[in-house]
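Two complexes come next, and they have one chain in common, chain A, joined by chain B in the first and chain C in the second.
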Partner chain A sequence: MTMEKHRPLLRTLAWVIPVAIALLAAPHVVGPFQTLTLLYGLVFGIAVLGFNLLLGYTGLLSFGHSAYFGAGAYTVAFMVKYFKVASMELFLAGSVLISVIISLLFGVVCVRYTRIFFGILTLALSQVLWSLAFKFFWVTGGTDGLRVPTPSLLGAAPLADKMEFLAFQYYYYVLAVFTVCVIVMWVIVHSPFGKALQAIRDNETRAEFIGIRIRRYRLIAFVVSGAFAGLAGALWAPLNGLATPDVLVWTFSGEIVFMAVLGGFNSFIGPIVGAVAFTYLKTYAVGFTVYWQLLLGTVLVVLVLALPKGIMGMVELLVAKVRRSR
Partner chain B sequence: MSLLATQALAKAFGENRAVNSVDFTVKQGEVLALIGSNGAGKTTLVNLISGLYRPDSGSIVFEERDVTRQSSYGRIKAGIARSFQIVNLFDQLSCLDNVALSIFSREGKTLKLAALASRDRAVWDEAQGVLRQFGLDPKAAVPAGAISHGERKLLDVAVAYALRPKLLFLDEPTSGVSTREKAPIMDIVSAIVRSGGITVVIIEHDMDIVFRYSERIVVMHQGAILADGSPDEIRRNDEVTTTLIGTHVTGEPAFENGNHAGH
Partner chain C sequence: MDFLLIHGLNALLYSSVLFLIAGGLSLIYGVMRILNLAHGSLYAIGAYVTAWSIGAAAAAGAPNAVLLLLLPAGAIAAAAVGAVLEPTLLRPFYKRPEEYQLLVTFGLLMILEDLIHLVWGPNPLSAGRVYESFGSITISGARYPAYNLAVIAVGIIAALFLWAFIYRTRFGVVLRATSQNMRMASALGVNVNRIYIQAFTIGCFMAGLGGAIVVPGQSAVLGMGVDALILAFVVVVIGGLGSLEGAFAGALIVGFVREAGVALFPEVELAVLYLIAAIVLFVRPAGLFGRA
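Moving on, here comes the complex of A and B:
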């Protein structure tokens, strides 16, 4: 009886524990290059997790998430350049604050619309930020971007060797933030609010007629989503060492969409899996051929045609098959 | 005492006066049927009262408060709920979730981000109870998109009922359901609303259903009220029988709906 009752929990732990061990062991097992790739994957994972609160749970496809990610990254760069801040915790707090403000401003406009209109508006607004970063080069460094040095973590000065800092100290720091983000998002999507978002996704008219003020809920989801992207942007800045307009441009928003589709936006962990998989895919595709965009494009086409539910959809199918055959 | 009263309520779509100066009252505790041929203005009237449309003129008074300018949200909070002619459910969510959402919303809990929905035992117990009342408890875990049409019609009513409204509009609760299934659905629905003391307005085309389950009948024709009376009075009313001949043939609602969708 008790076994039966705890079955879902045991089943979850059966894969969470090995994954946690693998993530904790990674820097000691694989080389720094692999660790950094994984690190990028985790950082993007946080952004896509936020993005998917809109796509997977609220039914809104944003083509402008680069705006909030980029806002997070540039906030860090500005804090370094103009306020001489070096503390990662202050970077995170500042980035979340700024991305919340921007996503609130943009969100108020965007959530009045749905579907293609919503997508186009998010894209257009994100391009405004990009052009600001691009044109006001005396403030933003233009295409050269702004340098972001290694930050202090929890008040402790960073290791002198940058590679060692990133692959160990910073890796574990990001892993901790990542874990907190996953837990927070998991609670949000399983809260009454998360249920209400899914109701809006499935049928907005009915949602309205059970007393849910849909625009307000969409706006809150939009801001939470933007905050996650902003946080990811802040974590990305020291890793990349540079905040450039590349992370504000709409093609990066497209990559975020790609990651969610690749992992499977119908599942909670799909976006994370997609972010890590995409990072590896892109890293190897770029190393493998100069026509890497072509390779990624092919993957996307195959994905949409053959695996519309992404990697996690495929995993679920396989698990179901194995269970049936037993 | 009237629970709801509209005065000179009007709504036009272009040249089409869908609802033309209608005085419509609903008394506390009654089960009222709103009938009329396609395009008579029944659904438009309900859409005006529930707040989906804004009236061109006239007023709506609910519990002696003017709600004409109130948002649909405000009207739901005041106690007006409705089901839909074309089933409107949260298809990817389970039947239990569909009902639970109404309860979370009614209790003002849907803005909680930092609590797990599954921990709120009271809500789930109540939702389970509502499903049981509607005979849908075996389907609790099944997505609403995967149950039969008859069950979906019932669930649609259950979702509105779970809001514990004072006044419930049921827009064709048996449309698209086979004749054999209609009576069981109406038996369940009428038993529940009567035991809950809920005032109900049913829009229905099937005259057998109308005469069997309602206490008062309001007949609409071309945007206006043609007759209002007990089932016996309506049955004897020649004007009504002449106007409504042939309309209780089932499977029609496409026209009225299509008509509104364009506006």
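Moving on, here comes the complex of A and C:
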């Protein structure tokens, strides 16, 4: 009886524990290059996890998440340049604050709309930030971007060797933040608030009838989503060493959407799987050919045509097949 | 006074090109309810094909008149690409949620951008000889390139043609009927698939024409399509998605604001445009001419 009750938990632990062990062991097993690629994947994972609160759980497709990611990254760069801050914890706090403010401002406008208009509006507003970063080059460094040195973690000075710092100290730091983010998002989507969002997604009118204040819920989801993206941007900045307008431009928002669809936006962990898979895919595609966009674009089109539920959808299908055959 | 006149002409020049791009985007959305993220790439294809064919003809020693005749090549090429894309890539998506339509056109954007890079290489292509062959005229003491006036004329003529086409022909009636109610039109015997392919081709033709007429004045460069798409978005958001009148008004507003911005407040010129778009949406959610 007790076994029956704990079955879902046991089943979750059955894959969470191996994955956690693999993530913890990764820097010691694979080389620094692989570790860094994985690190980028985890950072994007946080952003896409936030993005998917809107797409997967609220049914809103944002084409402007580069704005909040970029806001996070630029906040770090500004804190370094103008306030001489070096503490990663302050960076994270500052970036979340700024991305919350920006997503609140943009969100108030955007959540009045749904579907395609929501997409265009988020896209257009994100480009305001991009154009400012691009034009005010004496503040933002323009297309050259702003340098972000290695930060201090928990007050401890970073290792002298940058590669070593990133592949070990910083990796575990990001892994810890990542774990916290996954837990927080898990709690959010399984809370009454998360259920209300899903109700809004599935039927707006009914949700309104049972007393859900749709716009307010959407706005909160928008801001939480932006905060996750901003946090990811802050983690990305020291990793990349440079905050550039590339992460503000709308095609980067497109990549975030790509990651969510690649992993499968109907599943909780789909966005994370998609972010890691996309990072590997892009890293190898860029190394393989200058026409990597052609390659990735084709992957996207084929994916949307043939596998709209992404990697996790495929896994679920396989699992179901194996179960049935047993 | 001259200063204002020159800037006014520049604004009209810019509006003409914007109208061609945004009008095509809006037409496609109005009829098919598809927001084509790759629309800017078709504009880029128009520019590249025209620049490339004019460049090739000029190298072969063709006279200026022949070069001028080659100008529409880009528009025709873009229309041909559109006619192939709609039935092959977009048709499977009409019954699926629009998120997927956005995604597939985003994939298409990535593919087309790199194909342009693959075919024409990383260097800009220009067709400056056509621009120079027009010479310049003197407007109250100031010299102004005559080619720019030709572009403005093309923009106005295109707008008139389109208006006549949609509101004064039988095809236009069918097109508007399909746009209002696709099922009903289909039930009344309209071949919706054919209307869709025609509308998409016309939209792409307009984008390609925009690229073709822009390229003598400025070179075809990588990434031009992505930049143009964003401005076209601003135009249709201001004017109302799916409305041609809206695209026309939006293009004029964006053209003039942008020209004023370049002259008066260059740093925030783009930000001001987006701000206007946001304000319009706040006041009139469906845009100036849109039906909610």
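Rule of thumb we're sticking to: the second predicted complex is superposed on the first by the 326 of 326 C-alpha atoms of A that agree within 3 Å, B and C clash if a C-alpha of one lies under 4 Å from a C-alpha of the other, contacts with A are read in each partner's own complex, and residues count from 1 in each chain.
The rule we apply is simple: contacts are C-beta pairs under 8 Å (C-beta built on N, C-alpha and C of every residue); 3 or more make two chains touch, one makes a residue touch a chain.
Worth saying up front: this structure is predicted, and the values here are computed from it rather than measured.
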TODO: In the overlay, answer first, second, both or neither for which of chain B and chain C A:Ala199 touches.
DONE: first
TODO: Would you sort A:Thr12 into first (chain B), second (chain C), both or neither based on which partner it touches?
DONE: neither
- [ ] Could you tell me if A:Ser191 is touching chain B, chain C, both of them or neither one (first, second, both, neither)?
- [x] first
- [ ] Between chain B and chain C, pick out the one touching the greater number of residues of chain A.
- [x] C
- [ ] Quick one: classify A:Ile210 as touching chain B (first), chain C (second), both or neither.
- [x] first
Open item on the list: Output check: A:Val128 vs chain B and chain C. Expected answer is one of first, second, both, neither. What do you get?
Closed with: second
Open item on the list: Going by the contact rule set out at the top, does A:Phe63 touch chain B (first), chain C (second), both, or neither?
Closed with: second
- [ ] Go through chain A and flag every residue that touches chain B in one model and chain C in the other.
- [x] none
- [ ] Please name which positions on chain B make contact with chain A in the complex.
- [x] 50, 72-73, 76-77, 81-82, 84, 88-93, 97, 100-102, 104-106, 109-118, 120, 159-160, 163
Open item on the list: Quick check: in the complex, which residue numbers of chain A touch chain B?
Closed with: 187-188, 190-196, 198-199, 201-203, 205-213, 217, 220, 224
Open item on the list: With touch defined as at the start, can you tell me which chain C residues reach chain A in the complex?
Closed with: 35, 37, 89, 92-93, 96, 98-100, 102-104, 106-115, 117-118, 226, 230, 233-234, 236-237, 241, 266-271, 274-275, 277-278, 281-282, 285
Task: List of chain A residues in touch with chain C within their complex - done: 55, 61, 63, 109, 112-113, 115-117, 119-121, 123-125, 127-128, 131-132, 135-136, 250-251, 254, 257-258, 261, 290-294, 296-301, 304-305, 308
